[in-house]
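Two complexes, one shared chain (chain A), two partners (chain B, chain C).
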Partner chain A sequence: MSNFKRFLKHEVVDFLYHLLLAVMSVIWLLPVAWLILNSLRLEKDPYIAYILPKTFTLQNYVNLFTNTRDFDFPRWFMNTLTVAIFSCLISTLLILMISYTLSRLRFPARRLYMNILLILGMFPGFMAMVAVYHLLNLMNLTQTLTGLVVIYSSGAALTYYVAKGFFDTIPRSLDEAATLDGASKNTIFWRITLPMSRPIITYTIILTFIAPWVDFIFANVIMRGKSDKWTVAVGLRNMIERNNVLEYFTQFCAGIVVVSIPLVILFMLTQKNYVAGVTSGSTKG
Partner chain B sequence: MKHSLEKHGLKEPAFREFVGAMTKGDVFTRLGFLIMGAGCAARGQIAKGLLLLAAQASYIYFMFSFGVVYLSDFATLGTVEQTTVWDEAVQINRVVPGDNSMMILLFSLLTIFISLIFLYVYFTSVRVGYQALKRHRAGAAMPTFIDDLKSLWNDKYHFVLLTLPTLGLLAFTVLPIIFMVAMAFTNLDRNHQPPGNLFTWVGFENFKEIFFSHPLKSRTFYRVLGWTLTWAVTATATCYIGGVALAILINNKRVQLKNMWRTFFVITIAVPQFASLLFIRQLLNDNGTLNIVLQNLGMITEPIKFLSTHARITVLVVNFWIGVPYTMLITTGILMNIPEDLFESARIDGAGPITIFRRITLPYLFFVTAPFLITQFVGNINNFNVIFLLTNGEPRTLDYFQAGKTDLLITWLYRQTVDEQNFNMAASIGIMIFIIVSVFSLITFNIVASGKKEEEFQ
Partner chain C sequence: MKRTLAIALALMLALFALAGCGTDTDSGSSSNSGNSSNSGSSTTDSGSSTADSGTSTDSGTAANDGETVDLLVWGPQEDQEFLAVVAERFKAANPQNTYNFTFGVVKEDEVKSRLGEDITSGADVFRLPDDQMRDLVNSGSLYEITRNADNVKSRNAQSSVEGAILGGKLMGYPSAADNGYYLYYDKSVLSDEDVKTLDAILEKSAAAGKKLVYPITIGWVGYSWLLAQGTFEFDGDGKLTDCDFNNADGVAAIEAAVAMVAHSAFLNGDFDQVSSGLGDTVAAGVGGGWMADAIQEKLGDNYGVTKLPTATMGGKQVQLSSWAGGKIVGVNSHTQVPVHAMDFADFLTSEEMQQLAFEMRQTGPSNINVANSDALKGVPHLAALAYQAQFAQVQAKMSDPYWSPVEALMQEINAGLTGDVQSALNAVVEQLFLANG
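Now for the complex of A and B:
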């Protein structure tokens, strides 16, 4: 009997654990689910008192890509994709170069260099925006995609910590062996270290690729009213400005779903490295 | 390597070498103080000498054609105001451009920047000239230009790898930051906008206004600062506690389908923040769905003002929703990686599950996640997205100088630049944020410094 009681107690505790998790999952997933439901809704009114759409439709998605007179979503998507590809290539290269140097090469000003980067990182990223805007203006790069690429990739070097942490873990004996065989530092970098660094390269590529999709503030300041150069974040926000929200809310939801799906997949792919990256910074200088 | 100075015992500290070029050098290394590259060229390093000479020539050309023009106005930031004169011939008012303070400031800083870089090149050129002389005197082999290029691929490889990232940082991070810091000491507000108007240096006037002399601005500063710190502490603490609790819950041995639960929460991280925030904003609107549903259920009669009266609570709750899965994701990995022998020895010592949790799991978790906590706190001080996209600083109040109750320093800064054009205010706020963040990071990182040296991990 007492065994049965203990069994019962276990069952109850187990049930409570799972119930709690289920309730929390609902709270966390409900807005996401509801976003998707909204994107499939025919009624355009954003302020409704029910959750399931009265009529399901894919029209919002169709409109998003075809009805481009006021809001040219395909254009924003291509803009963001272009910026993302270029800034991801440049940033990744810069980050790998800087993190490898600071991890493996020894030169007089190394400590100083790292400290300067640390201090630069403490300024709010947005603070320099005004000056950057004027600099880009001088080069006729404001309101251009090139300007955005420049901004995203030039700041990337400050986020070298994770990649440096990775390079720190590659045994130095490999470098020494290669040096004895007559390999130059350049050869070691390209032929030995980089081929061993696939995880960190993938991680850096994915993270720098995601950045332009989720950045709102820089793109907003650089592009201002130039709507054919907007990125998805800027464009979608304009879609639900006060005058448009009644008409375009469901289309806005569809836009978010379209942007989110690839990002969710990319994030899931890099999840493991992502966690390792955030926590590895904790023990390595 | 075969040309290294160490091998010949000729290596000296950089500055002593520079002085040595004057005191112990020959006529050519001394000439190198005036004509860059002379020391090298005299010892047969012609290509190197010519390169250095070319650098000197282009710097001088740059200074006379460009640098001096702006530097001469640096002290005043321009004196000639833009005017309009009546042009009789074409019968219109014609704008006569004056000095542009913004350009003067920017280009002066650029010139100073380039001069500093040139100074470094100059310093180095004297040194390498003297190094060539030392080699000559010691009868050591003189590296050819090809050798020098090769050494770039080897023991000077850091130059190759760092040049590009450093130039990018200098141009688009360092220069802009210095430019903004300079702006904090000017009167560049809405009424002094170039090119129509001039602005000039005002010393610490802006900081004085923020701290005490301008009642409205200083009140706003202290209140916004107070809210920023309250927000950062509360947001960090709630997300951390919630996330750790969730991670521990999922990690519990008796919970089935761990990966499924984890994925549920991770999905919400992966949706871009701007998207979920804009969506939630619509949801919480005065006539948004949440209010309508509550009204239909008869639970409230008036809509709850989530985004105005109760905005401070709303942003904290929504931030909790956003932040908990993130902390959960980070801490789950750590929880699973706690060394098993820690538990083992505790069990042998007769510790129960609660003691183990209190004395081992929690301290370990806290120790490993301390840097994460610090970065989270700093991130929350500058948490632009949540505030800007959710409430946009609302509710606005006349008590504040162009700010609202939920504005953080960073969103106030944003408004001062983009909406109000008070760049001097914005820059001063930015400097205050920098001081807060750097002092806080310095203190906390030193407290939690694990004492492990980075070299030990290599």
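Now for the complex of A and C:
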């Protein structure tokens, strides 16, 4: 009897947990589902009182890539992809090298340096936007994709701490053994530490790859009116301006769905390592 | 350790250097790089801008043949095709010079902030809403129009020209008179006779179980009640000189607004509810030109658009008022080529090009001849705009601080005004005069 009771209790608690999770997943997935449904809708009106489209169509996606006279989405997509790949490569390299340096090397003012980086990282980057704009202007980098790559990767060092936490967990004895075999710090970084750091490399790659896709403020200020150098965030925003929203809303939704595709692919490919990276990097500060 | 650092640094330097080369060669828009190289000394430039502009005008008029001119032009996305056509025609009309056009996508109402960020890399020629002109003149961003000014004043409608003049100087070329609001309605619910008075609209809509959407809490629309019988005047610098919203007529207007809000068919919404609700739960709504296509598509044969109705104020029918605004083509005060920029702006706002803008983009023209053409009268919402314009006030010299006092009053009315109407209006007038400076 008591066994049955325990079983019942177990079942009930389990059921409640699952119910809670189900409700939460619905809440989280609803906006995504809404977005996808809107992107498949034939009626153009952005403000509707129903959820399921009256007529389904793929025309919005087709228009997005073929009707480029007003809104050159393919170009913006390629721009963003280019910026994302380059800034991802540069920042990942920077973050890993800086984290390794701060984790393994001992030099004067190391602690001070770390604290300064930490505090600098707490200021929102866009506060310095106007200054950044004028600096880039002096270097002739405004309205160029290079300028965006510089912006997205130059702050990379400020986010060193998770990667440093990860490097701290790799036993020092490995380094020492390698040193005895005649390896320099440089060799150790490339040959010993990096091969053992797949989780944190993945984590850094994902983080730095996403930034250009979601940033609007900097891209908007740097590119100004140069529409052939816009990123997707700036371009899509333009699609739902007052004069365009009645015509282009569903196409805008399709654009957002398309933008999420590279991110989802990257995430699915690296999901296992990503979770490991977040947890292992945060065990030791 | 040092070596690692050195290598890393060297790599980065190399990267930046390469990046620099790449952009120089591929950017192609020499007007930009020309401007940005100038930015270092922009502060010293602006100090003596009048002297500068004097000399550059001279040099421009002296040698206007065989030049190569780079012009950067800003316009909204939907106007890009139109601008490209205009540019081609401009080149054809001026074969003595070589013009290199670059187009940037900047919406009209974003021009002010884009120029504020960095005027030296701003466009040479741009379009702006006329109610932003005052701010741009105050910040020294606009070049005074010296070329073809008399012709500009005579070929455009009086109200549009007034909107482009500030402190006695012409600061831009009137390009469109397309901003304003009027009444869209569903002909299956309301007859042409019904839409003449607010009372009939409300009654018939209520009978059909539908709504009238009148977004009074948007200050721009809220003014329509106060302007109906009120005086609201500016001097040449845009300072408020006369405002009598708090007299007996003003009280009657606000009482009429209160009565409308209390009616069961009234809905204070936003413009989106007008465009999405018409043909559905909405019988009539106040809106502007940007929603015309969408509403026409929705209502089909039942599409109706006309001036705002009359409202019962103090026992008599009074026509509701509105704002008449438009677009102005301005020239950047920091432009390297003021003469050519003005020539292009002049061309862009000429009768032929306004006719073209009407054909390609259905832009409401400021040019007198185009505005009086039969083709224009065949476009219902432009006809309604012109009809309502007779009862409208020129919006050009308005600036941001003037909206919020009226907006606050309309919020109160919408929530069910409890206090005394007279004292509420006194407060509004006082705040409007305070906003003066």
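Here, the second predicted complex is superposed on the first by the 241 of 285 C-alpha atoms of A that agree within 3 Å, B and C clash if a C-alpha of one lies under 4 Å from a C-alpha of the other, contacts with A are read in each partner's own complex, and residues count from 1 in each chain.
Note that a contact is a pair of C-beta atoms (placed from the backbone, for glycine too) under 8 Å apart; a residue touches a chain by one contact, two chains touch by 3 or more.
The structure presented is a predicted model; accordingly, all values stated were derived computationally and were not measured.
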Could you look at A:Ile240 and tell me whether it touches chain B, chain C, both or neither (first, second, both, neither)?
-> first
Touching A:Val259 in the superposition: chain B (first), chain C (second), both, neither?
-> first
Please indicate which partner A:Phe123 is in contact with in the superposed arrangement: first for chain B, second for chain C, both, or neither.
-> first
In the overlay, answer first, second, both or neither for which of chain B and chain C A:Met97 touches.
-> both
Which of chain B and chain C A:Asn186 touches, first, second, both or neither | both
Which holds for A:Trp213: it touches chain B only (first), chain C only (second), both, or neither?
-> first
Given the touch rule stated above, what does A:Tyr17 touch, chain B (first), chain C (second), both, or neither?
-> first
Could you figure out whether chain B or chain C reaches more residues of chain A?
-> B
In the overlay, answer first, second, both or neither for which of chain B and chain C A:Met268 touches.
-> first
After superposition on the shared chain, which partner residues are touched by A:Gln143: those of chain B (first), chain C (second), both, or neither?
-> second
Contacts on chain A seen with chain B and repeated with chain C across the two complexes = 46-48, 97, 101, 105, 107, 130, 134, 138, 150, 185-186, 189, 221
List of chain A residues in touch with chain B within their complex | 10, 13-14, 17-18, 20-21, 24-25, 27-29, 31-32, 34-35, 46-49, 94, 97-98, 100-101, 105, 107-108, 110, 113, 117, 119-120, 122-132, 134-135, 138, 150-151, 153-155, 157-158, 168-169, 171-172, 184-186, 189, 213-214, 216-217, 221, 233, 236-237, 240, 245, 249, 252-253, 256, 259-260, 263-264, 267-268, 271, 274-276, 278-279, 281-285
Chain A residues touching chain C - in the complex, by the definition given at the top = 44-48, 69-71, 90, 97, 101, 105, 107, 130, 133-134, 137-144, 146-147, 149-150, 185-186, 189, 221, 224-227, 230, 238, 241-244, 246-247
Chain A-touching residues of chain B, taken from the complex the two chains share | 14, 102, 106, 150, 153-155, 157-158, 160-162, 164-166, 168-169, 171-177, 179-180, 183, 246, 249-250, 252, 254-256, 261, 264-276, 278-280, 282-283, 285, 287-289, 292-293, 296, 321, 324-325, 329-330, 332-334, 368-372, 375, 378, 382, 384-385, 388-389, 410, 413-414, 417-418, 423, 426-427, 430, 433-434, 437-438, 441, 450, 452-454, 457-458
Where on chain C is chain A touching in the complex?
-> 1, 3-4, 8, 15-16, 19-20, 22-24, 27, 29, 32-33, 36-37, 39-40, 74, 76-78, 80-81, 103-107, 114, 117-118, 121, 123, 272-273, 275-276, 290-291, 293-294, 298
